[in-house]
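Per-chain numbering from 1; labels A, B and C assigned in written order.
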Amino acid sequence: MTFTLILEQIFNGLQAGVTLFLVAAGLTLILGVMNFVFLAHGAQVMIGAYAAAAITNATGQFFLGILLAVPVTFASGYLLEILIIRHLYRRDHMEQVLATFGLILFFNEAIRIGFGPAALFSDLPPSLSGFVEILPDVPYPAFRLWVIVVGLCCALAIGLFVSRTRTGAMLRAGAENPEMAAALGVNIKMLFRLIFAAGACLAGVAGMMIGPLTAVQSGMGEPLLILSLVVIIIGGIGSVRGAFIAAIIVGLVDTVGRVFLPSLLRLFFDQATADGAGPALASMLVYILMAVILIFRPTGLFPAKGRG
Amino acid sequence: MNTAISTFLMIVLSGIRAHKILWVLIAGFGLFPLFTHLADLPFWNDLAMRIMLLSIAAIGLNLVLGYGGMVSFGHAAFIGIGAYCVGISQHYGLMNGWLHILFSLSACSAIGLVIGILALRTSGIYFIMITLGFAQMLFFLFVSLEGFGGDDGMSIDRAEFGFIDLYEPLRLYFLIWVVFVCVGLMMMVIVRSRFGVTLQAIKSNETRIEAMGLVPLHYKLASYLISAMICGVAGTLFANWQEYVSPDIMHWTRSGELMIIIILGGLGTLVGPVLGAIAFLLLEEFLPLLLEVIWPAYAENWMIIFGPLLVLVVLFGRGGLVGLAQRAMARVNRSFNSGERP
Amino acid sequence: MKKSAFIGALMAAITATPVFGETVKIGYMTTLSGGAGITGTQMKQGVELAMDHMENKLGGMDAEVIFVDDQRKPDVAKQLANRLLKSDRVDIVAGVIWSNLLMAIHKPVTRSGKLLISSNAGPSPIAGENCHQNFFSLSWQNDQTPEAMGKHMQDAGVKSVYLMAPNYQAGKDMLTGFKRYYTGEVVAEIYTKLGQTDFQAELSALRAAQPETTMIFQPGGMGINFVKQWKQAGMDSVSKLYSVFTVDAVTLPALQDAGLGILGTQTWSADIDNPINNKFVADFKAKYGGYPSYYAAQAYDTMLAIDYAIGKAGSKDADKMGEILAAGNIPTTRGNLQMNSNHFPIQNIYLRETVKDDDGVVTARIVETVFENHADSYAQYCSF
């Protein structure tokens, strides 16, 4: 258990965390401001990854792929809102669950029809496939470092936007008290549309970041969706700041936890039990964390609507 | 004693009159094997058994989801626990079916109590997530239990219920049917009782109930336990039907499917879960066949129709299939009545 | 010749020849929809190619193959098995990708008196204590392939290995099989989460441990993720990577060059040189535009085996077909396949390396034969 290993794992946790944040940010606003349960958020991740990979493969240019994929995902979110989502705001949560579940099936299948069931080939850009020595003798993949930087920049940008701009203020007002915000003349329709599209765009960016690292295939967004739900619960619904802090915590716990838990267990139990229980416990770790936090703070750490 | 029995019978009879569709369907399932025997389509009994099992579980979940307003995303875990009670008991040589049901009821109520007490401290989306969290923990637990097959699962022999040999062709079918009838009756009585009415009142206005001096948590917890036990029994019977149990049975997507079925059928209605189960399994069965006929190249992608179908049901069908049926009947009545006007 | 003897001989002649006009029905179950559909599609293609080659006849009889999609769900599989047996009245149920689905349908199908032939899954209970004479495997027993990897690494003088597999039954079986033949040092035995997509944390820990070699089992999407990230993290300079069931014709199109140089063991390879395999690979590439995977080869072999069994038995009676299959010597893409007493194949297992072929397409080639006529380790627990 060397210092360099721990440092490397912290970076890994950060990278996982910022990726989660990109997905969770949109989700927490959609749920908090619009009170809409959008289960198909994982599909937005998938759309972003596919758009970027397809454009990159066609043009041979990675950064062009990302640049063009961003407006594509924004547009897909925008269109989805206009065509279907806006009709569902007044429905109850359960019906929203049913409809968005149907959307997940639709998107997954549409991708399968359009691109085939096999995973799409996507790779790192040559300029970012090297290593950066974060400490002497600790080479860290340049691409992952880039993901951390992009994620943090996005977080900063969103944070500034939410706290320093007028639209941001409207957003916060909407999260805290939607009826009052509407009464005060905020154009709720347009606000909702933009939030939705922006959330989709952020999720798409997350997809574009992980595309080169993982398999770009149908259903790739669902694992991230579940984890993001955990993140926004821990962070508190409607709070972007909460989503960020929770995402980093979850990213670190999940990453560092899985690697060090078996060794930790070995301190207390014999090898066989530790090796048997370790992986199982590691998969449950994030859920245990969520359950514990909810028991003491039933509305998460930084809920927009205040405690209680 | 006599008056108690006669009042009970009156409640049941009035209930049956009020929920005709449900009882027609249940009777239909009872007569179904006759039909399959005459039409020489015996394998359809399998589909009917799956629908009944799913209906039983859905009726259980509907108590907390539809009537209680508690969105539990982890109920598939109870189905799984019920199924594993059979597997684990058989692993240790206990073949008696009644014992399996007893274990299932105890395990589900014990685990349901723990999860319920912890989860019911929260509400809304937080409640959804914490129930999901617990279900995930149980799932990963069973995947890692090598002694019980891990995720390869365990093979199961049909249990011995004493005088009933479940390997005889229709015995299992009617065992499931009898449980279906009992659960239907039980739910009908609960929902029409003071307990049920209070539960629904809590769903619409919890503070008012508190002001009346009642403790909502007790009602919620009780209904959570009852629903857990019903799902557990469904799981036990399911293990007997499938002759196999594996952790997939408690994957979060199965909980999602259960919720979809109830919402599709009609939340907070007695017959909704049953209609939803029928619709869901029939679609799963026939949509691929339909696509084979009209668009064979894409037959495997039948979910591309299923997905939007669900969206359409929500957009145009308030209250699920039950709502649709009610509106259709109302329209028929209206045109019937207007036609009668001289 | 006595009259009775003559009639006897005539009867024998009649019953020995295939009965024309009779149809044999095969129920073929795989996963065609959903995320794992790619594997099922390969198997379906293998079956269809076989039927093309045999002109839709098996053992001389007209044959009909009914494909069903199990959606990777045990309850759907069970219902489909029942339907195939009772409604479609198939003579044989075959296919099945996943071990858990095979476990689910094993008893109902074998109990019905029909043959169950697996084109892929091979869980140990079915090879051992829960074996049944109506079951035949035309693929392998799950442990055989990792056993070969263990033997190779042992023989190659590998001193230490870092093991990684997903935390589910197949993962544990793989590593158990590996350790049966490898007796060197196991630096670590890591079980990752099923369905995990990001292995960076595990790779960091691996780098810190600096093991001589690393052996992984990460099937499907998990394999694509792992290998990509392994290469991206430059791990080749830290440790030598070996794998089982991770790099194959299904995952290579997504990996491309990232898969190059990785060693793996497998019971089949596209470059096994015999007339049946050469024809299979060439026609598969021509018809479907890519190398077949072992899934497709095993599916193809299943149909060849059925053709052989019916042809030699002269009937589609389950017991007679079973006798023929149990006797072995079945002509397949892997040569003449022999059968163990528990109806699992006794076969060669090869060490293969991922290379680029003359057309620049990434594929795997045989480096050496690790085991000749290797039997599985569970037959001793099986008695019919």
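Please note the rule applied: contacts are C-beta pairs under 8 Å (C-beta built on N, C-alpha and C of every residue); 3 or more make two chains touch, one makes a residue touch a chain.
None of these values were measured; they are calculated from a predicted model.
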Chain at maximum distance from chain A, centres defined as averaged CA atoms: C
Chain pair, A-B or B-C, that carries the greater number of C-beta contacts: A-B
Approximate Å spacing (C-alpha centroids) for the pair chain B, chain C: 38
Whole-Å gap separating chain A and chain B, where each centre is the average of the chain's CA atoms: 33
Residues of chain C touching at least two other chains: 37, 167, 194
Where chain A touches two or more other chains, by residue: 112, 279-280, 283
Contacts with 2+ other chains: residues of chain B: 143-144, 146, 301, 303
Residue ranges of chain B touching chain A (in the complex, touch as defined): 65, 71, 118, 121-123, 125-126, 129-130, 132-134, 136-137, 140-141, 143-144, 146, 252, 256, 259-260, 263-264, 267, 298, 301, 303-304, 306-311, 313-315
Residues of chain B touching chain C in the complex: 41-43, 46-47, 50, 143-144, 146, 149-153, 155, 238, 241-244, 246, 248-249, 284, 288, 300-303
Complex contacts: residues of chain C adjacent to chain B: 32-34, 37, 69, 73-76, 78-79, 82-83, 85-87, 99-100, 103-104, 106-108, 123, 125, 130, 167-170, 172, 194
Touch list for chain A against partner chain C, complex: 2, 4-5, 8-9, 12-13, 15-16, 112, 116-121, 123-124, 129, 131, 139, 141, 143-144, 210, 212-220, 223, 255-256, 258-259, 262, 275, 278-280, 282-283
Chain C residues touching chain A - in the complex, by the definition given at the top: 35, 37-38, 41, 167, 189-195, 197-198, 200-202, 204-205, 207-208, 221, 224-225, 228-229, 232-234, 250-251, 253-256, 258
